[in-house]
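A, B, C and D label the chains in the order they appear, each numbered from 1.
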Amino acid sequence: MDFDTPLAEAWVRAIAAAVEKEQGRLTELDSAIGDGDHGSNLQRGFAAVLTALDGLQPAGPGAVLTKTGTTLISKVGGASGPLYGKAFRAIGAALPEPAGPAALAEALAAGLDAIRALGKAEPGDKTIVDAYTPAVAAFRTAAATGATLPEAAAAAADAADQGAHATIPLRARKGRASYLGERSIGHQDPGATSTALIFRTLADITTS
Amino acid sequence: MDFDTPLAEAWVRAIAAAVEKEQGRLTELDSAIGDGDHGSNLQRGFAAVLTALDGLQPAGPGAVLTKTGTTLISKVGGASGPLYGKAFRAIGAALPEPAGPAALAEALAAGLDAIRALGKAEPGDKTIVDAYTPAVAAFRTAAATGATLPEAAAAAADAADQGAHATIPLRARKGRASYLGERSIGHQDPGATSTALIFRTLADITTS
Amino acid sequence: MKKLINTPESVLEDALAGVAAAHPELTVDIPNRVITRAVRPAAPKVALISGGGSGHEPLHGGFVGPGMLDAACPGEIFTSPVPDQMLAAAKAADSGAGVVFIVKNYTGDVMNFELAAELAAEEGVEVRTVLVNDDVAVEDSTWTAGRRGTGATVLVEKTAGALAERGAPLDEVAALGERVNAASRSFAIALTAATVPAAGKPGFDLPEDEIEVGVGIHGEPGRRREKLRPARELAAEVVETILADHHLNPGDEVIALLNGLGGTPLLELYIVYGEVAARLAAHGITVARSLVGNYVTSLDMTGFSLTLTKADTQLLELWDAPVDTPALKRA
Amino acid sequence: MKKLINTPESVLEDALAGVAAAHPELTVDIPNRVITRAVRPAAPKVALISGGGSGHEPLHGGFVGPGMLDAACPGEIFTSPVPDQMLAAAKAADSGAGVVFIVKNYTGDVMNFELAAELAAEEGVEVRTVLVNDDVAVEDSTWTAGRRGTGATVLVEKTAGALAERGAPLDEVAALGERVNAASRSFAIALTAATVPAAGKPGFDLPEDEIEVGVGIHGEPGRRREKLRPARELAAEVVETILADHHLNPGDEVIALLNGLGGTPLLELYIVYGEVAARLAAHGITVARSLVGNYVTSLDMTGFSLTLTKADTQLLELWDAPVDTPALKRA
């Protein structure tokens, strides 16, 4: 199985559905240590992405993701809009057509680079980066050891889940949660959680 | 027993004490159909009256009550300030020294006239007038049939209590409670209640 | 009760100290509770004096200044001021041209201002009284206390203030005030009750999904309860209630005051105003001027009132005239 | 949740419709979410553009007008606007003299304005960015997101706006903005949390007798909780916290902004301001100018923030300069 245009579209649509479903939980997490809008931000963004995709005749999987990123930048705002927007644009730009596991790993890594270039967060700062970094590492390792796309995606999803979960004891150093200082400890980061959701979605659609 | 200067002073001081004690209940009643300040209005007024009396060498019982009225006008505001203020001033002005039951009955009646002249309320409008009117009538009747001051005051207090209680089923036509229309029905009028308190206090200090 | 106060007893005094500190352009006589302009008008003019219970800020102290009031008399929370205050204000502000008392129609206010007018007359100050009674939620009858004075007060103070500033004589200023009042109607809806500091709890309890319709500005409950509905429907109800009482025809112009009751954020007031404007447009009524914000409040009450004043050339011109007060400024 | 809204989703759009209806002096592009002056400045001048999440009204749309902003970009509630908005505003407002972005220091705002600045530069608009970060409740370190921007925004917008209006060049206007920000410190206390319409319930729960100290303007909790105390003590705590960080000496002059967070009545703000002024006087610090009211709010949050800006002749003169916006007017 390669990452082709239908799969790219299916992924983005599945993310939109997952965000719609998990909106409440994401906002709940953001209320605890942020400003209570992460769920509605992503919901608004991916709803707009669906509309944008409807009219699109994508040239390839990269075009799907680039359009996704551009739309997120234009519609989300907040911290997550530019971060996820730049990430999807970077993934799209780096994606050959069709992409095997190794190529997809590198494209996903380009997305992480974009997030880090813009947001300047280090691992351990209690952000998206804490879920994204282990996910890329796991995807790469799996791809390098000959895993199929579904296998690599599943490994990445598990690693992202663990990374998101591991943000709980952290003290935030970036984003709004950093304003809470010590009080940010004990809560899972909303952005890391949505990143885990995005990787879990990739695993789900490739296995089903 | 005649209504003399010490008795006048004792009455006013006893009203101040009663208002201090019943402040919460009066405000509660005023919250239901008014603006929730009747207790604090009277408390503020009579506290000022106490201060005013402390420095006073009254020429007679009339002077005590005139001073009380003037102080209430200057310190209370709201509806009850001018009404009680004018009433006490009228009582004071009408009071001979010392006054027997009949003379006191007429002085109290002058107080009622003052309230009606200023506030233009009729009996049944759910106001001070509904407690004050029967109280004066009872005081007059008792005095006319040879009752002592304590007996007349007790009769007036009972009549005032009944008058205040009888405001419950009334629909207010004057004061803030009138804004509630039908919804003013079922609540005892705060001003009628404080009037009953004032007459009860007179009965208490003359019998004890 | 959660409030930024020192003690319930000292609320008025402490707030006046803050007003004094914040506004060098005002003179605040804290013991006597009178707020006047720090700089007296250069030429003799009719003095406008308003007053009423506190808890409605910026009314009235926030409207003292060139182009509007000469003095304000703040009473205790929701309690009309005492005659001594209005007398002191009248004596301080009268420049020989006489004084207009602007009085909101509440039993207490009316009586205290009446006593003050008697006292002022005894001291040789000529006084006229303009009674404001614009609230259509209250039945207007000679057998009752009559309609309450609410939002129209701002319009009366602004337009009569502008006229007085131009040197109009006493009777003319008072007549203008009465005319503006007669041309105005208001109606209010509350989402939550006000908490008087001395009482310590809300004046009435409202379930999470209910509102009070036809509420006053003194924490008194309204005429009835309803379920909370979208802003569009509440705006429609308020507009229709006012229009049912007001003689406005398609093509008429109004000044609209969309007023917050104290605890409602500006964002929500704008949402309601948008709906009000659309509804009026559907009736063919033109909003010639509007004012959206917290002007006649009821402590921390959430909700809004709408005031519609039928406009004409003179009123618009007086409304647009320069004013320089803490709460209303116009070049 | 009790709010005067139609639906949680339409809050921003509906509020903008209200702003458009209430303010003919503004042009409100509702689809693109850009508020500009209806009348463009006569001569070319540096354009000031500000923006941020909605829910802080009158910030920023209420400060568009002669003497202050040229355009504002309101985002969703508590969510920074998107780059497209700032790009559209920059293109609409630029008269060739360049554009200053006034950005409150929040990760989202910084990133979205950064993307917008790139896009604007590509389209030939010269852009400078002034970052506002005045909130001493947040640790100031290069390893974190840094201090939040709050009340100082009003001072930056007002003074830089006045300077731009006089024709000062781009770098000078930006430098003044940075100077004002550097001279400003803020601190806030909340009595209750804000309720984001889409969330439907308060961002945090506070017991009846507790407050959040060092709170932000986006519903985020503060650094710690305390028992509610009298206004005098809260004012003292806020003043002392700011002074501990600010380099102010006896004899220094400040501009003080005592700002309500949205749900607090003006009466209480004046009580707090009186205490703040007394405390500053005790330190020998002179309040040269003050502003008391709701200027940088957090939806329905109750509480206040204090901003102290060290003043000098230039800043006072720019602060006093004429301004004509919905929320701030000066002749």
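In the analysis below, contacts are C-beta pairs under 8 Å (C-beta built on N, C-alpha and C of every residue); 3 or more make two chains touch, one makes a residue touch a chain.
Source: prediction; values computed, not measured.
The pair of chains sharing the greatest count of C-beta contacts is C-D. Separating the centre of chain A from that of chain B, both taken as means of CA atoms, is a distance of 75 Å. If you average the CA atoms of chain B and of chain D, the two centres end up 54 Å from each other.
Spacing of chain C relative to chain D, judged by their CA centroids, is 29 angstrom. Measuring from the averaged C-alpha position of chain B to that of chain C gives a distance of 32 Å. Multi-chain contact residues of chain D (touching two or more other chains): none found.
Residue positions of chain B touching 2 or more other chains: none.
Taken together, the touching pairs link the chains end to end in a line with two free ends. All chain pairs in contact, by the document's touch criterion: A-D, B-C, C-D. The residues of chain B lying in touch with chain C in their complex are 27, 31, 33-37, 40-41, 44, 73-83, 118-119, 173-176, 178-181, 183. Every residue of chain C that touches chain B in the complex is listed here, in rising order: 53, 75-84, 106-108, 111-112, 114-115, 137-139, 143-145, 148, 196, 198-199, 203-204, 216, 218-221, 223-224. Those residues of chain C lying in contact with chain D across their complex are 2-7, 11, 14-22, 54-55, 57-58, 62, 191-192, 208, 211, 228, 230-232, 234, 258, 262-275, 277-278, 287, 290, 292, 294, 297, 299-300, 302-304, 322, 324, 329-331.
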